[in-house]
Amino acid sequence: MLEDKKSYSNIFLNGIFNDNPIFRLALSMCPAVGISTNMMNGLLMGIAVLFVQICSSLTISLMKNFIHPRIRIPTYTLTIATWVTVTDLVLAAFFPVAYKSLGIFVRLIVVFCFITMRLDVFARKNPVFPSLVDAVGMGFGFMFGMIAIGGVRELMGMGTLLGYDILGFRPLLFFVLPASGFFVVGFMMAIFNYTETIYNQRKRARSTAS
Amino acid sequence: MKEIIKITVGLTMTCLIAAAIMGGVFIVTAKAKKHNEYVNFQENMLKLLGFDENKPAPEALQLCTVFRYLVHQDKKTSLGYMLPVQASDATDDITYQLVLVDIQGQFIAKYDLAILLAQATDEKDREKAITAVLTGNNNTIEYADQFIVAKNGDQRLAYLLPGKTPGFKTHINFMMAMDATYSIVGLQILEHQEDPGLGAEIEQEYFKNQFTGKDVERLKTLKVIKEPLPDEQLRFLERTKWINNEFSDDDLATLQKKYQPKDICAITGATISSVAVLNGVKNVATKFVYRVKVLENIISKQNISVAF
Amino acid sequence: MNSSAKDRIQTAERPYFNNLSVSFSPHFRSQVSTERIMWTVVACLMPSLILSMFVFGLQTLIITAVSVISCVMTEAISQKLLNRPIAITDGSAVITGVLLAYVIPPGVPYWMPIPGAIMAIFITKIIMGGLGFNVFNPALMGRALLMASYPVAMTAGWLTPIRDLSLDKYLNAGVDAISTATPLYVLKHYGLNGLIEKFGSLSTLYFDFFFGFSPGCIGETSACVLLVGGIVLLYKRYITWHIPVSVIASTAFFTWIFGGETYFSGNPVLAVLSGGVILGAFFMATDYVTSPNEKRGQMIFGAGIGALTVLIRLKGGYPEGVCYAILLMNPLVPALDQWFRPKRFSEGAS
Amino acid sequence: MKNKANVLPDFPMGGIHPTERKELTEHLPIETMTDPSKVALFLKQHVGYPSEVMFNLISQLHSPEYYLEDNICKDGACGLDASEKKQVNEGELIGSTKNKIGASLHAGINGTVDGVFDTIHPVLGKAPAIIVSKSGAQKKPSYTRKDWTKYSKEELLSKINDAGIVGLGGAGFPADIKLNIKPGVFLDTLILNGSECEPYLTCDHRVMAEYPQDVIEGAKIILKILGINRCVIGIENNKPDAIAALEKAVADDPNPMGCDIFIQPLTVKYPHGSADQIMQSITDRVRPSGKRSSSIGIIVQNVYTTKTIYDAVALDKPFYERVVTISGRGISRQANLLVKIGTPLADIVEYLGGTTPDLAKIVIGGPMMGVAVSSLNVPITKATSGVLFLTKDEIGEDEKYGPCIRCGFCLNACPMGLEPNNIGVFVEAGKGADCEQFGFVDDCFQCGSCAYVCPAKRPLVQFIGLARIKIEEAKKKEEN
């Protein structure tokens, strides 16, 4: 049902901007606040989520004819749990450093509501390729959010970015503490909404002008 | 009815498939995971002994772990030490002997265990080996703790003691190294949940290194004092951070001597964490020294050819 | 309508006075204005600054000045950015600045109040809607940020008070100030005996606390001077007695019960005089915006602050708890206002 | 009645102590002003100053044509009785109403009735008024005192009605209707309200000090109408001469007729002159919200109204002139003037020697509840108790109001237990209809205590008025 290329790019961008899981849907705030103390963690978490999202979306999209509608939520949970376990094991085995810093949060991906939401809203109803695009979009949207929050918190809290010393001193240790996660998420949401308002205004102005 | 069967079958199938995938991945990754954990542990130990990339550990370095168990036999509790021993046959292998000691420190019995050094890292294997040799009814064993003896050839380098102490928030896991004269060689904080910027400073060199050089007698009277560190001592403590070590060996020796008897200066704003670490170190060290003396005594009396 | 009646209608001539104002009733108002209240509070806080200058050296003045200037600048800039009328003359930013400086130790670096000021004014006040709409006490939010961000400086910047006022020593006070522990810290970790050991006998302690010769935050040291300011505010009726009295009474009460080795053996006088209880009771908890309006609500608010203060002091990680106690009670204010409405006139009708 | 030793009765809730500034006029005896050349009598004299009028001023008004039609009387306004260009004498009836709630009008001067014209009204902006121009011979009517005790209740009421007397406290409710209590309503006390709590105003004070016997006689008339015998005259304690004069008059009364008249000094506190507050002070009884004072057995009447009732009954003198306090530093001479109803302010200013250059505000009524006007063409109405010419110094800075700082001063000032601060914030946020949680908004009688104490100078009275309108609108919408 989605044929032309434009709609694919729309699906992809939708995940990043219109339906950004953190800034627009405000879902999965627990890891966004808990894990995003630095940019690296944000990036790693983003990759893990991206992987889980893609695998789960593909699985559900392939299996959609076999899933009984009454037990779809348990099926989603099971699917996600499987892929999360796989991620967890792989990380522990081959990326011990990343595993150490992500800790328990990898296992928490199971209950990320936006993954379940995407499975129910999109993957269940669409063929494989659009589901893949959507999953990639959502995953990148989440990753984008995590990197942004992590970057701000790392820069403001430790004065570094990805571990490299940028400022040379620690500006505000507060940003490393969990409470600041809410502050940063709130501010980012505000900025996100503000830019979107301006963007829409411009768009409207352009459409009326033309 | 048909519906229910359909759902049940569907769910079961899904579960089976999921289990299969997870199981497959587990098989693939289990070995690597275990290896990672071991490497991690090993690294920490080597760091404590003062070896790193610049100063690699010598070939002959060997780490022998001594496990301590609480053995309950017929309502009587004794301490069971799993000692690594030189195998009686001609091979160079190291195997284990279980030595039972009562609470007063008197020798009870010793058994040969059918377990090799490499196998001993696995808890299940150890327990299996111990229960195999124990006689009597109602035997239960309970893991208590372990310490590691690092030896370089015939020379005993250090004892590595893992420990745990209640910190400001949760437990602080640490590992310390004591040399053969029972003075502290190094301290490493493995895991903690202290406040960043405050209690988390226990990870810093300037705090940890204050413990080096303190012997067990000094440890018993060691206190945490609320005084700022003198500048010279601070630089001395953080010397490893400097790329070109500005202290000569003579300097180091004199400084070491100068600051050896000093009490531990608390981290500013985190006295509780400082005290917690000190108490943990004290606790582990004093108990260990008492136990190891008992053990040495028994070893020499019973002529156990220990591997350390 | 008949035409003759219509002819009778004329529009009366309207010789208006252009310079007359025709504003709404009432046509004259009390002299008390927002500005006057705010600046009076600032004036009531000033003696403490002067005393602290003598006790801790000149840097207290510099820190306070930095704090006030950064608060006022933050307010001006953020109001400009958000296209709101710039209202720096109403004095509320100045109060925030002074109070922020008063709750940080005298030994901190001079730039320290700046992030606190941004937090206090921009995030706590302006973003919430400006004066009158903030949920939390701005100065205390600033302090909380500083406490979380620079824990070492904020918990170690205590200076030993200068007792002999020789000029030479005074001028060098900031340079070779000796970092020391606050009485509350000593009390928490070494008990009353430790306190007496360090600071002298109990009567000396009372004297020092009352007149301000004890290590502590810039504006918190002297109960006496703060009390004078508080009493002026009470006399001018800018604040009522309910909040200060309930805060102090509840702190004393709970300290008396739980503060000692056994129950009912705590030292309430020491608890009230040390730390920020007096400053908090008279100048922070009574902040109009973040305290309940109704008397019963105010009493419960104050009692809650006292109880939380004692709880944090005795069981918490920090030796002092007034700041967090007030911050914890602040979000309860709307609920307290909801529960305790003023008595309606007709409710007295039988 | 409270009778604690040395403690004056007081109302427990709210109240403020504004600067009194009564010293400007309280010692000046009542002075009769010369007749103006023209008087303008509004057809609708008894209107109070409801706040809603301030907000949707003109829309509520009928066009002047409306009042010339037959439907005038439905509104309670007077119709013009005199035919066109009729010559009238002082005290002659020129307007009457068929409506029950209304009061007739009398000419204050000898002259010609010009007709009905739009005239500047302090509240409504513009309203139709009967204009009488001075002409012809000026002959003062003479009134002789008669023995009123022989009249029946109905006769007394009709005399009051004929004289066109309205309540002089401010609202201007026709007096005969207020006194015509339905049979079966239990009453026990008449309270004469002599507290005059508004700053500046001294007209009631002067009347009490100069005509104490008239007031007592009037009280006895009202007591006779109501059929009770207990009367308390409540006077704020800052008028010792009035209290002394009235006490003497009661003591010297040759014919007390079994009436128990008692003078009760009251604490000086604004708004003690409000009926609710003075009732609570004197009798401890509280009027339930939305009910009349007669439901708790009390009738409150202004002392000056009492005096005019005496005039109407005993002298047969219609109500066409009244004492008005002209005060404030913006006029060259302050006075307690006896002026004809309908006299334009311009004539009064001229009589008193003009205004000062720093005049900043003209207020009709007291400074707390009065209305500011910008024209000297405004005539005196029956309910005008004072005209204040205020200077900049007196009113203070008239600047923009600031945000609410939640100081709670207004909560402590409101005598009705409302929450003006929250109402103000809600109204500003456009949620006026949700304000019922902050008290019975209808209780507000616009005393202005909240706005007086507000440090941010917020127009709280107007906010409450707006909230009231919004609540009514919401209710109407719900009903529909």
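The letters A, B, C and D name the chains in turn, as written, and every chain counts its residues from 1.
We take it that contacts are C-beta pairs under 8 Å (C-beta built on N, C-alpha and C of every residue); 3 or more make two chains touch, one makes a residue touch a chain.
Note that the structure is predicted; figures quoted are calculated from it, not measured.
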| item | value |
| --- | --- |
| Relative to chain C, chain with the most remote C-alpha centre | B |
| A-B compared against C-D, more contacting pairs | C-D |
| Distance between chain centroids, defined by C-alpha means - chain A, chain B (Å) | 40 |
| Centroid spacing, where centroids are CA-atom means, of chain A and chain D in whole angstrom | 71 |
| Intercentroid distance (Cα basis), chain D paired with chain C, Å | 46 |
| Separation of chain B from chain D, taking each centre as the mean of its C-alpha atoms, in whole Å | 93 |
| Touching two or more other chains - residue numbers and ranges from chain B | 197 |
| Per-residue overlap in chain C, given as positions that touch at least 2 other chains | 149-151 |
| In chain D, residues with contacts to at least two other chains | none |
| Complete list of chain pairs which touch one another | A-B, A-C, B-C, C-D |
| Contact set on chain C toward chain A in their complex | 115, 123, 145, 148-151 |
| Chain B-facing residues of chain C, complex | 149-152, 154-156, 179, 181, 189, 317 |
| For the chain D and chain C complex, residues of the former touching the latter | 13, 16, 18-19, 54, 64-65, 68-69, 115-120, 126, 199, 276, 280, 285-289, 296, 359-363, 367-377, 388, 390, 394-396, 398, 402-409, 411, 414-419, 421, 425, 438-440, 443, 446, 448, 451-457, 459, 461-462 |
| Residue ranges of chain B touching chain C (in the complex, touch as defined) | 168, 195, 197-198, 226, 228, 268-269, 271-272 |
| Parts of chain A lying in touch with chain B, wherever the complex brings them together | 66-68, 70-71, 74-75, 78-79, 81-82, 85-86, 89-90, 92-94, 96, 170, 173, 176-177 |
